[in-house]
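Below are structures written as structure tokens.
Each of the next two complexes has chain A plus one more chain, namely chain B in the first and chain C in the second.
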Partner chain A sequence: MRTADLLPLAVAVPLLGAVALVIGGRWLPRVATDALATVWAAMDVADLAWLWAGTGDGHSVSWLGGWYPRRGESVGIVLAGDRIGIGLALLTATLVLAVIVYSWRYFEEPPAQHAGTFPALILLFEAGMCGFALTGDLFDAFVFFELMGAVAYALTGYRIEDPRPVQGALIFGIVNSIGAYCSLLGIGLLYARTGELGLAQIGSALQTHRADALEVVAFVFVMTGLLVKAAVVPFHFWLPDAHSVAPTPVCMLLSGVMVELGVYGAARVYWTVFSGPHGIPHPHLRTAFVAAGVLTALVGAVMCWQQRHLKRMLAFSTVGHVGLFLAGMALLTPAGTAGVALYVAAHAGVKAALFGTTGVLLDRHGSVDEHGLHGRGRDLPLAGAMFTLGGLALAGLPPFGTALGKAVTEHAAEGRFPWLSAVFVVVSAATGGAVLRAAARIFGGAGPRPQEHYAGPETTGSGEEPEIRDPQRRIPAPMLAVPAILLCTSLAVGVLPALAGSLARAARQFTDRTAYAAAVQGHAIAPAAAVPDVGWSTEGVALALASTVLAALLAAAAIWGPALAWRGMGTARAALRAAGRSVVLPLRRLHSGHLGDYVSWLVVGVALLLLVMAA
Partner chain B sequence: MSRTARIRLFWAAAVVFAVAYAAACTGLPRFGTLAHPYATRAVAAALHQRTANVVSSVNFDQRAFDTLGEESILFAAVLGTIVLLRHARDERTGRPRPGRVLPSTRLLGMVLLPVTLLTGVYIVAHGQLSPGGGFQGGVILATGLHLAYVAADYRVLKRIRPLAFLDAADAAGAGAFAALGLAGLVAGGAYLQNVLPLGTFGQLSSGGLVPVVNAAVGVEVGAGVIVLLAFFLDQAVEVRSPEEHGTGGGG
Partner chain C sequence: MTILPFLAAGWIFLAGVHGMVTSRNAIHAVGCLAVAQSSTYVLLLAVGFRRGGTAPYFSDTSLRTRVVDPVVQALALTDVVVGATVTALLLGLAMQVRKRHGTVDPDALTGLKG
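After this line comes the complex of A and B, so read on.
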């Protein structure tokens, strides 16, 4: 068997697994269904691990249906994987396996007669995400993008007893669908001009044209769907509403990989289609997307710090980190890409682990409210330790992979945007600090019971339905083991130099459009750029430690600050409160939960992007 | 945001959108140009594969992987509907009432039901030759069955609609497509590569794998749409909200 044949199998295996689960789930006992799901998920991990090993530092290319290009032209679809795409698919498969194990005993009762439906949907989700990560065809990417969307909407609304998940899923579905329509419009424009759908083929066909309105508008439209999925401000409004209501195992996938796939898609499409001589110029794109990334990161960090609903807090922390990923990718250098790849891999483990431990709290106490749970997590020392460790990793504690990814990206930004390091430190400190604050209050009972500061609507997170209905039972072992293993993988990303090295070489491939186009046409050429350095540096460690310490200080100030009675504390508190009223309150009002608002912001985002890219 | 602010914001942005899209459209190729790179290649490839219906050749052979993704979306949508429209704990169900139907409607339904099913099968089976195929034929099959609901009532529809079987058929159809793709790999080619003899151009048996895949999609779409509609009808006809009492609803 050729290595390239593993590419379509990565999609076909979970599809067949979903079918087996739907049919088998009708008469198999619950244990057998869970075992079947685990086996299929493990098979896909094995497939992708083999593909990762077999592809090496080059590309694996598979022309589906045997429609190989003749004289450079083909009517078929090509799957093309380098280690960035394959790595992302492997990350997805690993996380899916973790989620399936985590939810072995998670739901009390699957839908009657349809016991295999939940794991089947998870496997379909996996097929969509793997297909999206591995395809080398723009329209095919759109199809798999829609597959993961359709599954994600259903999974978000899974708990139908509560109206909130249904509302969250509806907003998620409508906002993402509008984004997808924009992408389809863009694909239509590109197809009309070039008659091609393959990424590399469109890219080379566009080179014969001078950049004009059609190309710029098509670029913005195609990007819109991807940026909506990536939850970039102002397309991000759906994310907190969906993530705070989806079942915990689903949140692990949504925050861990699905959102990041949006950033990956945007970068892949830019590099392969629009980065050519007559495309969108690098400096133009760099300025616009670094700015969008920074704005997203700051909004995510501020909103994350404000939350007391734990899942909403984690959701906004995802917004913050995705902003950092986008800014890093938009540096358009191999080093920035390598840093983001490391950061994404490590972040997935940390974020999934944090959601997993939140699921334990929800299981035990039927609440995800930081204030209501004050001190009530003392009986869960292991979960508390993992939640704290997750917060530290999110803030960038070395040697977690998050710290390494952050350090490499910061280093890559030094030449052009030296101030970007400050944004990275502040955003990771604020998101990590919010988690640490919640951890200290919930699991340690630290500080006085918090008081409410701001008038106005707030999502508290109390009165959540437990997702499982037997609070007296012992916490199932997988619900604690899976987050622990996920934290370990995040640690591994930071301490295994071989992994970092291969991602660095992959980043060099990823940012070389000539090498990609050549690989698709069947002849491999080595990329021109140098392999970026991705080791730990003194400066990187110092910055990582700085953000960790800052996170701890922020958490401590939030917990014990109000109780301090030093001189001048009163004025400091008043100043903070005034700042909160002028910055935080308007920002919070924007997140109104009103679908019409979100759609308006989406259109505003497209208009802004059009104006910026046309300028 | 207030209602006025929201609408003003939307229209301001929508104007930019419209202007940009109009500007982009001026760069499109002129209407009615003779040559299109993909169309030229796709027709040649369809003829080479002896598939008379070029659209089917593109959908089920040249770009079959897209179609695999699309029918997976339908499969996922059916599963999603099963999940979202399942009976919640606080929902009560009532028995549907027999409905009154005019004798002429009943007669028309009885005549049309078999004719419609036959048309559906024809459209699926001739997908490689004439307009149609698994998606279109499958929908006709599914709607044909619902003539029973129009011409008789919900209870009759339930009797002739083996949901458990159709649910499995939906999954099996989706799986068959993915599994048929493996045949190409087993034969030493690429995934979804044709492994069957191509037959004679214009014959029912032409096109290699295209008619087989078409049949799989027809089964999946037909069964899937019936299951999909079953869950929606179930919500509309049988489920009552907790406040509402009575046995109404129906036919």
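After this line comes the complex of A and C, so read on.
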């Protein structure tokens, strides 16, 4: 078997697994269903790990059904993976395996007659995400995008008997579908211009045309769907609503890897299709997307800090970090891409571990409200330790991979955007600080009990339906073991130089459109750029430590600040309150939970993007 | 090729979006989503249209017959399947919203905010 044959298998294996589970789940006992799902998820991890090893620093290309190109032309569909795409698929598969193990005993009773539904949906979700990461065809990307979207809506509304999940899933579904149809309009325009659907083929056909309005419009439309998936401001409104209501294991996948796939898709499409000589110029794209990334990061950080609903807090922290990923990718350098790849890998482990620990709280206490849970987590020392460690890792504590990825990206930005380091530090400190604050209050009972009432709009997170209904039982071992292992993988990303090195070489491949096009046509060439340096640097460690310390200080100030009675405190408090009224309150009001508002923001976003890209 | 089909597609898309923004009923909003999606059918079929072309189906005609582009028809077909799945799923969710909340008015469904 050739290495390239593993590419279609990465999509086919979970699809077949989903079918087997739906059929087998009807008469197999629950233990057997769970075992079957685990074996299937492990098979896909093995397939992708083999593919990762076999592909090396080049590309694996597979023309489906043997429809090879003839004389440079083809109507076939191609799967093309380099180590960035395969690595992302491998990350997806690993996280899916973790989620399936985590949810062994998570739901009390699966629906009668349909014991295999949940793991089957998870495997379908995996098929969509892996396919999206590995495809080399724009229309195929749309189909996989819709597959993972539709499964994600269903998974979000999985607890169909509760009021909130169905509402969050509906908003999630409508907003994402509009984005997807925008993308399809863009794909239609690109096909009208070039007569091609493959990424590399469209890219080379566009080279012969001079850039005009049609190309810009097509670019904006295609990007819209991807940016909606990536939850970039102002397309991000669906994300916190979906994450605060989805079952915890699903949140681990949504936040850990699905949102990041949006950023990956945007970068892949830009590099392969639009980065050519007559495409969208690099400086233009860099300015626009770095700005969008920074805005997203800041909005995410501010909103994350304001939350008391733990899942919503983690959701906004994802918005913040995705902003950082987008800004790093938009630097359009191999170093920036390598940094983001490391950051994404490590962030997935940390974020999934945090959601997993939140699931333990929900299991014990039927609440994810930071205020209501004050001091009630004291009986869960292990979960508390992991939640705190997760908060520190989110803030960028060395030697976690998040710190390494952040440091490499900051270093890559130094030349053009020296101020970007400050944004990285502030955003990771605010998101990490919010988690540390919640950890100290819930697991340590620190500080006074926070005031109960907030005048503005807010989602509290109390009165959640516990997803499992027997508080007397022991916490299932996988629910604590899986977050611990995920934190360890995040640590491993930071301390294994071999992994960082291969991602650096992969980033060099990823940012070279000629190498990609040549690989799809069947003759590999080596990329021209130098391999970026991705080791730890003194400066990076210093910045990472700074953001960790800042996060701890922010958390301490939030917990004990109100009780202090210094002379300057009155003025400081008044200034904070004024800032809250003029900046934070309007921002929170924008997150109204109203479908019409979110759709309007989407249209505003498309219009803005059109204006900026046409300028 | 005229620009008219593209304008029509844009108009249909915007009509659907306008419906979703002003919708007072989740079922209506899902219907508007289907309207917005049908703009993609118009665009795709317009892209593949050739004046005087017939259906791309060679069983009883010669291979030289002038036909419209079959690729976009395959795309439109896939698009229909995707759209049907998503619409059905969303309508199911809307029904469940009605059962749990007693309303499908987005103005009344603001449990998630801030």
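Methods note: the second predicted complex is superposed on the first by the 612 of 615 C-alpha atoms of A that agree within 3 Å, B and C clash if a C-alpha of one lies under 4 Å from a C-alpha of the other, contacts with A are read in each partner's own complex, and residues count from 1 in each chain.
Criterion: a residue touches a chain if its C-beta (ideal position, glycine included) is under 8 Å from a C-beta of that chain, and two chains touch if they have at least 3 such contacts.
Only a predicted model underlies this, so the values are computations on that prediction, with no experimental measurement involved.
A.B. asks: Using the superposition described at the top, determine whether chain B or chain C touches more residues of chain A.
C.D. replies: Result: the larger residue contact count on chain A belongs to B.
A.B. asks: Classify the contacts of A:Val245 with the two partner chains as first (chain B alone), second (chain C alone), both, or neither.
C.D. replies: second
A.B. asks: If you stack the two complexes on chain A, which partner ends up touching A:Leu170: first (chain B), second (chain C), both, or neither?
C.D. replies: After superposition on chain A, A:Leu170 lies in contact with chain C alone.
A.B. asks: Who does A:Ala127 touch here: chain B (first), chain C (second), both, or neither?
C.D. replies: first
A.B. asks: Examine A:Ala517 and indicate which partner it touches, taking first as chain B and second as chain C; both and neither are also allowed.
C.D. replies: neither
A.B. asks: Kindly classify A:Ala12 by the partners it touches after superposition: chain B alone (first), chain C alone (second), both, or neither?
C.D. replies: After superposing on A, A:Ala12 lies in contact with chain B but is clear of chain C.
A.B. asks: Between chain B and chain C, whom does A:Val603 touch in the aligned arrangement: first, second, both, or neither?
C.D. replies: Both chain B and chain C are touched by A:Val603.
A.B. asks: Kindly classify A:Ala213 by the partners it touches after superposition: chain B alone (first), chain C alone (second), both, or neither?
C.D. replies: first
A.B. asks: Counting only touches as set out at the top, which of chain B and chain C does A:Leu595 meet: first, second, both, neither?
C.D. replies: second
A.B. asks: Per the contact definition in the header, classify A:Val273: touching chain B only (first), chain C only (second), both, or neither.
C.D. replies: After superposition on chain A, A:Val273 lies in contact with neither partner.
A.B. asks: Taking the two structures together, which residues of chain A meet both chain B and chain C?
C.D. replies: After superposing on chain A, chain A residues 75, 139, 143, 146, 150, 153-154, 157, 160-161, 166, 169, 185, 189, 191-192, 197, 592, 594, 596, 599-600, 603 contact both chain B and chain C.
A.B. asks: With touch defined as at the start, can you tell me which chain A residues reach chain B in the complex?
C.D. replies: 1, 5, 8-9, 11-12, 15-16, 18-20, 22-23, 26, 62-67, 73-77, 111-114, 117-118, 120-121, 124, 127-128, 131, 139-140, 143-144, 146-147, 150-151, 153-155, 157-158, 160-161, 166, 169, 185, 189, 191-197, 212-218, 220, 590, 592, 594, 596-597, 599-601, 603-604, 606-608, 610-611, 614
A.B. asks: Which bits of chain B are touching chain A when the two form their complex?
C.D. replies: Within the complex, chain B touches chain A at residues 1, 6-7, 9-10, 12-14, 16-17, 20-21, 23-29, 36-39, 41-42, 45, 58, 61-66, 68-70, 72-73, 75-77, 79-84, 86-90, 164, 167-168, 170-172, 174-175, 178-179, 181-182, 184-185, 189-194.
A.B. asks: Show me the residue ranges of chain A that touch chain C in the complex, using the header's touch definition.
C.D. replies: The contact residues of chain A facing chain C are 75, 139, 143, 146, 149-150, 153-154, 157, 160-164, 166-171, 173-174, 177-178, 181, 184-185, 188-189, 191-192, 197, 240-241, 244-245, 306-307, 456-459, 588, 591-596, 599-600, 603.
A.B. asks: Going by the contact rule at the top, pick out the chain C residues touching chain A in the complex.
C.D. replies: Touching chain A from chain C are residues 9, 13, 17, 20-23, 26, 29-30, 33, 36-37, 39-40, 43-44, 47, 71-72, 75, 78-79, 82, 85-86, 89-90, 93-94, 96-97, 100-101, 106-107, 109-114.
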